[in-house]
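Just below is one structure, and these are the notes that go with it.
Letters A, B and C mark the chains as written, and numbering starts fresh at 1 in each.
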Amino acid sequence: MGMDSDIKLIDENGLRLDGRKFDELREIKIEAGVLQRADGSAYLTWGENKVMAAVYGPRELHPRHAQNPSKAVVQARYNMAAFSVSDRKRPGPDRRSVEISKLISEALEEIVFVEQFPRAAVDVFIEVLEASAGTRCAALTAASVALADAGIPMSDMIASCAAGKIDGHVVLDLGQKEDNFGEADVPLAIVPRTDKVTLLQMDGDLTTEEFDKAMELAVGACKEIYEIQRDALKRRYSTSLEGYEDFEEDE
Amino acid sequence: MNKEKKRELLLPGDIIEEEDCRPGRGTYKKERNIYASKLGVKTFRSGYVNIAAQRGRYDPNRGDKVIGTVTDLNPSIWMVDINAAFSAILHVNDVPWRVEFGDTISYIDVGDAILVKISNVDELKKVQIRMDEEGLRKLNSGQIIEIAPSQVPRVIGRKGSMITMLKNYTGCRIFVGQNGRIWIDGDLEGQYIAVKAVQMIEEKAQAVGLTDAVKEFLKNETGKDFDQEE
Amino acid sequence: MKEIISKITKEYLYRLIKDGKRIDSRDMYEHRELKIQSNWIGAAEGSARVKLGDTDVVVGIKMDVGEPFPDTPDKGVVITSAELIPMASPNYESGPPREDATELARVVDRGIREGNVVDATKLCIEEGEKVWLIFIDMHILDFDGNLFDACGIGAMSALMNTMVPAEKFDLGEDYPLPIDHVVVPTTFSKIRDQILLDARLEEERISDTRLTVSTNENGNIVAMQKGLSGVFSYDEIRECIKKSKEIGEELRGRLANTSEEKI
């Protein structure tokens, strides 16, 4: 946040650098079940962001001493490909990706019925193949679809989106330059059905009124994103249900 | 209830609008409502509403017959992969032979495939299996292929129609484990065709006309025609 | 959980191959369906996504300016790395690259380096001081066998659409990376006495040995790698080389125009 710059992020017509209105999302597309080896997967594009998420499990957690005898451990690994950003990123975890992995794991643990799988691991691998601001929200949104795709028992799905402040205005879903030169960023994730917050971070400078406005924008967008998530799963599996009643075990 | 509604794909967190039903597999109850906890379609059995999961690993059920592969052994047990979250345990007392302590390897070795029954699943999801009932055995020839556990009913077909057809045309012995593993044994050509047919059943998106399409495939590949006899 | 393949299934696969058949009905020297989408990653200087059957890889190229090695003061530097990320297979684990990843990266690297795909002297900016560094990063998304060919083809395709980011370093306008040769690998697996091209996972797992042959457009061999503990006869090696040239020709044709393809 807050690199000093003369760059103007909102023009005289109230439009942003990429022509979006203040409450407009970048284009989001999701495909479910795209990988063969993983138990579940999702590929998501969000503006220029490209994110692949894969789920393995529930499976035996190694090493054994890390097992929890009363519930499964949800382990998300957020990783950025070396070529995903403008300056090559050195492979392997850094402090930022370790923190994001932790927050994503915790957010997902909230919706997974972890108590059904004592001693197990639910592994969520998220690869950011191209990054252009908002990757943690993209990652969590894709991970949630991949979990459902893996048939993991869960109470709900999670959708995630950020809002922020640029040129003194609260706007939705910051793009790369807005992220670099804006005044605040608020990544948020919710359970859309229950309106509960599962991830929240903030950096920058906001009044409480501005924060309320940012949260309202992000929540509204999460509900839109939830529909995109649902559509991805339905598109992928609805056709395989045709004629399903032929095999059904009715009484 | 109409078929359209019945076929609807539910997602985790979707409310299941049914009255007088108890929450079964793949569902959960919160306050007064029942919700889906897995991606799937709802089915009914004995007063329970269930979600037939479309995806996911095999969820072991007591009494299921499954095909396992031995991954490890010690003097008194075998560890068996059954395509579930955890390996299942086969104890020397639950096999059809009297096995001396430490002699497990002479009977079943790592890499062997076995046809077993789930005898118990405890609260910690520890799975025990047995091999000492009729029909359960070590599989000494043929091959194992794997499909999604959710596709098992398709391969079996209504009242076993699909599987019977596969056996007739290919001349193979076939057993479909509830865990999505299928054992196929017969001559090389028969096995090859049977595998192709199973892949076809799994890949064909629509079940409508599936039986006919598979039959046509089997006729072409084997040059046989059982329609006259039926 | 490690994936395991039962003894009886292995035996069936052997018998099938001995009978001249493959599990997916391919001919012994037939590739799986190959899809290449070049320029897939906008943030990279060059990139390609390659699907070879269900094997799915992404190769990205990043360039930087740095110092040359003291013994080659007028040559640019190519650094190739592969990550067998745990997304791609239940058998891969997080952490530093394992032997397999290192071998993969080095085999791809040798084809590109020894094949003079990029003339290293053209990457010199100021002798002894400043040269271009080319980072080739290979990311495996889905592993269904034969990473050597998928990654080698991906790296070649990515280099072919790389734009040198000169402007970013005040070195004039961006320009396409000059490509001198088009090198493609072809990998053969030997299962008992049968040799086949482009093994998928099940085939790879029962392979006794493996041979990768990288050729250029002149039909010359530029890099080879024999892997695993089994053995080849002299004639088998000659046969693989012969096939490699034929298949290489076909693959070079594919690489010539990939920008329209979508995965």
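Just so it is clear, a residue touches a chain if its C-beta (ideal position, glycine included) is under 8 Å from a C-beta of that chain, and two chains touch if they have at least 3 such contacts.
As the structure is a prediction and not an experimental result, all values here were calculated from the model.
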Winner on contact count, chain pair A-B
Measuring between Cα centroids, which chain is at the maximum distance from subunit C? B
Subunit B-subunit C separation of Cα centroids, rounded to whole Å: 38
Distance from the mean Cα position of subunit B to that of subunit A, given in whole angstrom: 34
Multi-chain contact residues (two or more partners), subunit B: 87
For subunit C, jot down the residues that touch at least 2 other chains. 1
Out of subunit A, which residues touch more than one other chain, so two or more? 59-60
Could you please specify the touching residues of subunit A with respect to subunit C in the complex? 35-38, 48, 50, 52, 54, 56, 59-60, 77, 79, 81-88, 91-92, 123, 125, 127, 129-132
Can you name the residues of subunit B that touch subunit C in the complex? 69, 71, 81, 87, 111-113, 139-145, 188, 191-192, 195-196
Quick one: in the complex, what on subunit B touches subunit A? 3, 6-7, 9, 11-13, 26, 28, 30, 35, 37-41, 43-46, 52-57, 85-87, 123-125, 150, 153-154, 156-158, 205-208, 210
Write out the stretch or stretches of subunit A touching subunit B in their complex. 33, 39-40, 57-60, 69, 111, 113, 116-120, 148-157, 191, 193, 230, 233-234, 237-251
Per the touch rule above, subunit C residues touching subunit B in the complex are 1-2, 4-9, 11-13, 15-16, 19, 21, 23, 25
